[in-house]
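Submitted below is the structure of interest, expressed as structure tokens.
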Amino acid sequence: MFYRTAGQFKTSYEADHALFPVRQDAYLLAFILLLAFVVFPLTASEFAFRALLIPVLIYSLAALGLNILTGYAGQLSLGTGAFMGVGAYACYKLLTVFPEMNIVIAIAMSGFFSAAVGVLFGLPSLRIKGFYLAIATLAAQFFLVWLFQKWAWLYNYNASGAIQVPNIEMFGITVAGPRAEAITQYYFVLCFVCAMTFFAINITRGRIGRMWKAVRDMDIAAELVGINLMRAKLTAFFVSSYIVGVSGALFVFLWRGAAEANLFDIPLSFRVLFIAIIGGLGSILGNYLGAILIVALPVIIGSVPEAFGIPIGSATVEHLNVMLVGALIITFLIVEPHGLARFWAMIREKLILWPFPH
Amino acid sequence: MKHWIRKAAVSTALVATVMLTGPASAQGDGIYVPNLSYRTGPFASTGTPLMNGQRDYITMLNERDGGLNGTKLVYDECETGYNTEKGVECYEKTKANAVVTQPWSTGITLQVLPKSNVDNIPILAPGYGFSAMADGKVFQWAYNPPSSYWDGAYMILQDISGGDLSTLNGKKIAFLHLDHPFGKEPLPLLEKLSAEHGFELVPIPVGLTEMQNQSAQWLQIRRERPDNVIMWGWGAMNAGAMTEAAKTKYPMDQFYGVWWSGHDGDLKLIGDQGKGYRSISWSVPNSESALMQDIKKHVIDAGKSQINQGEDEFDSVFYQRGVMISLILVEGIRAAQEEFDTQNPNAEQVRWGLENIKLDEARLAELGAEGMLVPFSTSCADHTGHGGGWILEWDGSKFVKASDLLKADRDVIRPLEEEKAKEYAEANSPWPVNEECSM
Amino acid sequence: MDILKGIFVDPFADMIAAPDFLLQVLWEGLVGGVLYALIALGFVLIFKSSRIFNFAQGIMVVFAALTLVGLHEKGVPALLALPLTLGVMFMLAVAIERAVLRPLVNQPDIILFMATIGITLFLIGLGEIIFGGENKVMITEQLGIPTGSFTLEPFGGFVSIEQKDLTAVIGAVLLVGVLLLFLNKSKIGRAIRALGDDHQAALSVGISLSTIWVIVWFIAGVIALATGIVWGARAGVSFALEVIAYKALPVLMLGGLESVMGAIIGGLAIGILEKLFEIYWGQPLLGGNTEMWFAYVLALIVLLFRPQGLFGERIIERV
């Protein structure tokens, strides 16, 4: 009933290659965008912005970057946190060295720094594969976090070693810093995430995306067919780290407001990896679904017992949260290793048939 | 299959409902005082007794007196695990009805500091935070009584040098610190004093992942052979340092620690081998005082405490310091109640209250806490109070007071406070400065 | 010029100038290396027999140590607590095998890896609820491990050797010796190695997959307990110990994921080199704290030349 595919013929190759061959998918996307741009800003509280909406967007962007590297190109990376850090520190330095620079340009440019570092640490992928590569990316993770702590120039020799976001204005509205309104920051992040997602969808559906998938599935065969492995892997690292770097800059400037070096440590890398995996490796939608789950979970665990009046110590909430995330990961991997995106795909299949049985 | 679809639908519904709810804060009637505590993680060992102390003082007031002048105080905790990210989340979650916020980590304090102006909630950071918060002109919403880290560093140097800092000329002092805003906080003052008085400062950072395995740092200390080691440690770092110091046989009487590095639990690990270790402290435990006996009667024996009875936590420095911290907070709230003639002061009024605390010896005696806390008073310009501190020395089984009241030299520290405060205000402009006060 | 001198000349001059200090550094590095090797052994054993990269080994170390100390706190005498802890680790192994591994039998490696990370998180949360978060003291004396230290005095200086470190080294050597004997000479050991070579073939010869897996996980649990005791004796038992698993990973990279010898040699090499680098190059030139990443960068460089690690099996890919 919802997904009436009957009557939707394609009469040209272009139409067949469209992003939403079934019109209802396009309607669904329009509905979601309407929710995001109009409904949520009108109804959500400041807490909902800062604790749910903005982090979901930022984490899904970071997971998008990781998914391109791990899901589409098959190069497992555990260093996402450090690359986010590179983006954040690059943005900070750009804005302190050029205070008049527009923040949008600063964030866009900081992605390039992260991409460069990503390519550098991606070079071992030409020789190393699988788990070994994952552990090699940990080298990037640990080294970069150490660098963030030791290289005082990065945080302007601040005594505390932390970077703080000053009040930044754009067209007269404060978009970053302690005076920024949550709703402004939400729109800013939303626009960025939409732009990056559009870019990611196009690149993964195109020639380069197919190149990556070939490398992921069987890289020796891909090489035999004529795909330049070096180019494929390094472009994957470049694009992925660019997106991750931008998400890191957004993370600090448009959400946290300040950062210290160990914010970008392993737990952050793992969190983004969980989002990518639970959401579904090799999908774009999955990142959003995974982020919603992972971000909302602690909030739910914290609120539900209190809503029912059961007193629960905050430390116990923390422990339960950790346990639940672990159990969820295991459950998801057992039940649906392809993640929430596959869940959605199955629901959609059922909806196409519904209410008919077959 | 249907089972899973149903599950997915339910979870989406749950998420949707949560989206439109606000922060769930435990609210009864009364004055809401949240605490950004940590009972988990590598810093839990040092955090838990302090938070127990804070909690028990407030419980005692509610039990014994029915609250503060009749109004109950609602104590609530939000678990941060000493993680700056979680700390900021906890701050956002609890700020709605709170009259104060207690960040319990210099890292979290620094991140919450710029928000305090916008959200209008006073930050109470007793004995931690940014030392320049003493400048009440710039930091109208931040308080760090009774002594700041710069005071503490100065007082340790005073004790090392026997009162005259110029005798430190030519000495080598190693500064073993946690590689975290907390550990790095006293560096500006230490560097300044090192340049002025001619001693060599060797900063030795300990990363968060190396707290349990400090052999590299202590090998470095062995190589450098400093005259003294000043430790700015917290959590598992203290225990790690103690065991390594005992192992490399570093003379304990040359080993000093800040007030957060003087924890009974850590020293008990090495017991007699730690004899002679000293820690500067602005609180002294006294289990026989009227206040502590009241807490014992109304809270601990009544089973309302989370204290760990088996480990003698009641007598420990940190537990009783936690009690003192709540005492300071309640004094501030009381001052607000009296000044504004209201039973339920709001955050603005409590801010004023914290600015007008007068905890002199007479008042401490009234509260039953004679000699347990350095006397101090805050003012519009001075948000620290600079009460000074005492040296506590480990005698093998407990800490005992080993000096008279030390006070840091205001003339040396004040210019640095003003300078750093000004820098901070400029870096975070527009920053409201209260010109009516002056240091 | 100064930098070059600092890299190539000064450190060696320092080493020669204070040879007793050098010996102390080497000893510390050796002890650290032994501990890394022990953890890596747990990984290798499980990977060898089931091709699962068990990230949960780190938390198993902590869990084993905490159970031991927890039982002792409840009043169980130390010598009884040891076998009881082994029993708990055994049940844990069975539970993990049944609940997590069996359903995931044919999945790609990364899925299994993520599952073990999930196990890690679950056990961290559970452990903190059961045992609490504070630092605990390892029951070294009750276990009969000598504490105290003795001092050697070579070259006019001094080298202080903790007796518990010495016990740890000797114990580790014995453990590894027994393990190697077991793997090479006993029937079950052969079965484990057979499973590592080829699952299908082992199954067809009649080797029971789940029994062997449970045995392997149990042995990994024993190793975890030994590591937990030794490491806990050095620095107290708490959840901060879990980050030690991150130190074992470069050992695995260096030694290869399937080789017991590789784990040992890799562990010792990394332990010693890391300490040397930190003391003689890291602290003077780079501001210290290089132990965080040195092992990883070293392993990475070795991998660039030998992608399977020093002792790993050559990776042969077929299309």
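We just call them A, B and C in the order they show up, numbering each chain from 1.
Simple rule for what comes next: a contact is a pair of C-beta atoms (placed from the backbone, for glycine too) under 8 Å apart; a residue touches a chain by one contact, two chains touch by 3 or more.
Computed from a predicted model, the values in this text were never measured in an experiment.
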item: Farthest chain relative to chain C (centres taken as mean CA coordinates); value: B
item: Interface with more contacting C-beta pairs, comparing B-C to A-B; value: A-B
item: Whole-Å gap separating chain A and chain C, where each centre is the average of the chain's CA atoms; value: 33
item: Distance between chain centroids, defined by C-alpha means - chain A, chain B (Å); value: 36
item: Touching two or more other chains - residues of chain A; value: 149, 315, 319
item: Chain C residues counted as touching two or more neighbouring chains; value: 128, 133, 246, 287, 289, 292
item: Multi-partner residues of chain B (each touching 2 or more other chains); value: 39-40, 179, 207
item: Of all residues in chain B, those that touch chain A in their complex; value: 1, 4-5, 8, 11, 14-15, 18-24, 26, 37-40, 77-79, 81, 84-85, 88-89, 92-93, 96, 106-107, 110-111, 114-115, 117-118, 130, 179-181, 184-185, 187-188, 207-208, 420, 427-430
item: Partner chain B, residues of chain A touching it in the complex; value: 40, 43-45, 47-48, 50-53, 149, 159-162, 164, 166-167, 177-179, 256-258, 260, 262-263, 292-293, 296, 299-300, 302-303, 306-307, 313-315, 317-319, 335-336, 340, 343, 346-347, 350
item: Chain A-touching residues of chain C, taken from the complex the two chains share; value: 53, 99-100, 103-104, 107, 109-111, 113-115, 117-126, 128-129, 133, 246, 249-250, 252-253, 257, 286-287, 289-290, 292-293, 296-297, 299-300, 303-304, 307-309, 315, 317, 319
item: Residues of chain C defined as touching chain B within the complex; value: 18, 21, 24-25, 28, 32, 128, 132-135, 137, 149, 160, 162, 234-236, 238-241, 243, 246, 275, 278-279, 282-283, 287-289, 291-292
item: Complex contacts: residues of chain B adjacent to chain C; value: 39-42, 44-45, 48, 179, 204-207, 209-213, 215-217, 219-220, 222-223, 236, 239-240, 243, 247-249, 265, 269
